[in-house]
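First chain written, first letter: the chains are A, B, C and D, and each begins at residue 1.
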């Protein structure tokens, strides 16, 4: 008798399979797996025989202790959001050796590209210079290049140096900048291996022409960049925020830009969508992006590819390699991320 | 008796020495050389003893045959514009072994940075997305990312691959694109050494998501990119023009954008400054820059550094290494460039 | 009352702390930790209060179930050998969330450097050409360069692409080779991200001028490279073996070299030390290295740095980042490695 | 009437066309050009009509003033040796705008590969370790790795930084060394652009683990590296000589190695071939190569490709791009090179 294909319980809400998988990948998924689609809150209503056979849960539906006991073949929960909810007994999952996998790394490259574009736009005043054509107010040549600077060879600082920091570092390689990075979660050696100089937050802010804020928000770092930190930056420096609004005091950031001390760009905001009357709508020298940095179709499709690759490895008894694993030590910190990147 | 410092006749019009030299470089210049400042049209009024001692002419003042005969010690003419005028007997200069040096290479890096920024802006709709905040019309997340694409891993084409192409190629390295390039002046081997695939113009246009036009205008290529060429491009592809307006049929370029077939950006225009009523002021999906790509203060200051380095070499009887040399074969083609980059 | 420093049970046999730690690192270790040194087979004789306080075990002494129960604070076992013995209840360790960490990655760079040197020596006949000077038989210039080849731009194949493959790939970057790799444990996407083309074993062997064998030996791949595989290689190609002797049929490898079909180099041998009468001692076109590729003092010292970095992270409740983790799925395969790299 | 193919006078002695051109390139040459083969000392016996039509001279036969006057169409002399003889009126050639082109750059890559291999061999004692297997004296593992070091991250110095320095710098990129370079012919800015720190000879020697001597010999630098310079090097450092023997005092170099202060490797010798009784034959810790670094068949074949590319450009009225041009200022210094690299 031939072996049955492994069984997936699919509950990827708020995504759906067509967002995550290309047509070809969707076909590959169907060819290799039995798929039981399920509303996220309805897993406990599935046939116990189905639960007992499930190798994978795709998505992060609520899983109770009782439900988990019935998922006797479970190898992995494949989270396709940017956030880990506090809705399953992680300790038991880890104790049983069930992988909790996240696919957030797909956003690093798209976010890095937008972050680099924002840095260049701030450095060269590109948006204002373009809009000036609408009203016939453009200024030509050298005269139109006051307060511009190059990114090539510049002093660049990172606040946070995770997947996103690495992706930005790669894009910056051709610019040969001098990079310092502050990341309290990383040993200095890990930063040095990437060609980046480890530094205190203070040093990063003081010594950079461009500061990329890529830090995730945790219970410990909420609003840790405020008026004092912005004041310590070089006059005319650029701050580019591409992770989470909650790491900065947003009002004080706008103040620092309004005062003309720094220029800024942000993909994230304290409230999303943004109230119509929010002052950022009138702030000059502040580039705004409506949480568009990561949420590209191509990024979601890469989630599907990662999921397929890692399930194929686990099918063969090998550990997953492409998704990032939630860790026993930090799963609770990751849970605290208040907003989904997509 | 100590040896006299070499003598420079300085006629850098329309630049001036303070634009080209930093304070430190200006001091180094004064320390190492005797400088005779002169209006560009007044060299022949200089004392013949001065002319006979001059090692260098800085700038490109008119030089008649008669004047050149008096410049018996001349080693080099150091052009600090982006254009070679037809105002001196180049053949005689070359025959006498006098170097004709240009400093245009300083513009490659600033232009490349702006070109890359434009490509990213087109790929991600950054300008419109920012401006939408002014009117409260921004669209959030995935929904706001229709028609966006990544530059990483994209198919990139170059039309022309000189200094500017090389500078862009360097900046693009972290994006790991697949690059094809069309340059009729270069052997295929030279392109391959840069990691670029040589291709016909046709192939470059057909197979690229992003086309960078970096070709100089010559007597032979005026308007060589027109309606037919734009039509051959991929639907939705981006054309970024950062060299000279005269290489494209500008009206047909706007037509191609207006028709929705491609998107575009340009730093150069058929008339500069641009007439108030020009249709480009109302064209959507076309990023405009008022010839600001190269003319940065930092670029001009690098001219001075190049000039100092090369004069120091020539003082020691060595050939110049940093400025580019005008060549006997192509000096007349370079003369045909109608507009100065700065 | 001040907090006590975390406690380490140190049993790094057959290494010792002075091999693994530089003087400075050793001091840092003492400053941050209480260290209880212990013979590897004597842990169960330690005071139960010591066992209960131990945060880390340095080394891989035998740990019984009973002993593990007493190690109530244990966070990690830090293995400083190249092999995982079957001498502790790994399942229980994983279930309890205790990390099993290996430091073998320190050998990747030294092994890669030797591997590259061997490839160049084979390509250029450097050793024979040097030795010929002893007897006055050297051949000069072009005449002495028969059968030589460049590594730059060559077709390079990898059999196995783990840490060592990555390290070699990095060293090769300046040579711009075309690289194909066979690694049945890795998804194609992981290889592509490194700029390497995934391929079958057959293709790698057939299409390469240089084949680097970097695969670990497992229960499944013992002797998987034999006469048939060597015969499929290009005439004159070079095979460089830097992982484990057991992945090849060594006699058949020597046969292939003796027959003049390929040239080879190896750092590892079926028996170490090698019997005096072994035929490899007389084989020409076969470079021999006495398991010296990895075992450099500088590599062992890096073990200590990795261990310090990761304990510092775990002290703060963060997951380790520098050591590699043994995995539930593969720990038994890694156990099967028959020989320690150092 | 169709236009005739351009005419080449071919006198590549001591090379011949089959050494320089692959079969395909030779065919391309015949297809595009009329070739008149000629003994190097017999050009003046050619039909004046042939001389008047010749666009190119391939090789460097003696050319008198009288002969040059008859070469009325001459565009370039394409030298396919590594040396410029004092056998033609260079001043007249330059005055007439005739290019004097050299193809020595083809040797940079092969020489760099050998130089890197020698550095790794010295760093790891690879040759002695291999030879020890012959006599059963090999030493295993860590014990066999006394006095070994890594090249990755090492301090590397260059004495001279021309084409060969650039090629070595490229090969070294994956090793991420810290590089200082001494080259009195280059502005500091040119070295910095290559990621190399300009330094005095003294600093380069004192602060390097590996010193690559790539300097050409000129009238000014003969024997400029002697006992004093070697004594200033770090104990145990490696000197790799890959340019010309005449830049070092060879006896004092051997003394420094014999004394155990440094280790060394050389591809070049004061006398070539080397006398049978020369002491270098018995020197330990000194790797010897019989002027084999550059003279590979593949390098000579690249000469042909360069020549074809540049003639194709000149045929079209464009300047050559691949060969290096002899320069008015330095042609006499290049002439002083006493030995041909091949």
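Here, a residue touches a chain if its C-beta (ideal position, glycine included) is under 8 Å from a C-beta of that chain, and two chains touch if they have at least 3 such contacts.
Just so it is clear, the model here is predicted, and its values are computed rather than measured.
Engineer: Suppose you hop from chain B to any chain it touches, then on again the same way; how many hops at least until you reach chain C?
Structural biologist: 2
Engineer: Tell me which chain's centre, taken as the mean of its C-alpha atoms, is farthest from chain A.
Structural biologist: It is D.
Engineer: I'd like the Å distance between the centres of chain C and chain D, where a centre is the mean of that chain's Cα atoms.
Structural biologist: 38
Engineer: Please report how many Å separate the Cα centroid of chain A from that of chain D, as a whole number.
Structural biologist: Measuring from centre to centre gives 51 Å for this pair.
Engineer: How many angstrom lie between the CA centroids of chain B and chain D, rounded to a whole number?
Structural biologist: Those two chain centres are 34 Å apart.
Engineer: Taking each residue of chain C in turn, which ones touch at least two of the other chains?
Structural biologist: In chain C, nothing touches at least two other chains.
Engineer: Does the chain-touch network form a line, ring, star, complete graph or other?
Structural biologist: Basically the chains close up into a ring.
Engineer: Using the contact rule from the top, write out all pairs of chains that touch.
Structural biologist: A-B, A-C, B-D, C-D
Engineer: Per the contact definition, I'd like the list of chain C residues that touch chain A in the complex.
Structural biologist: These residues of chain C touch chain A: 94-97, 185-187, 189-190, 305, 309-310, 312-314, 317-319, 321-322, 327-330.
Engineer: Could you list, by residue number, the parts of chain A that touch chain B in their complex?
Structural biologist: Contacts found on chain A: 109-110, 113-114, 116-118, 120-121, 123-124, 126-127, 129-134, 136, 138-142, 144-145, 148-152, 170-175, 272-274, 276, 280-282, 287-292, 295-298, 300, 342.
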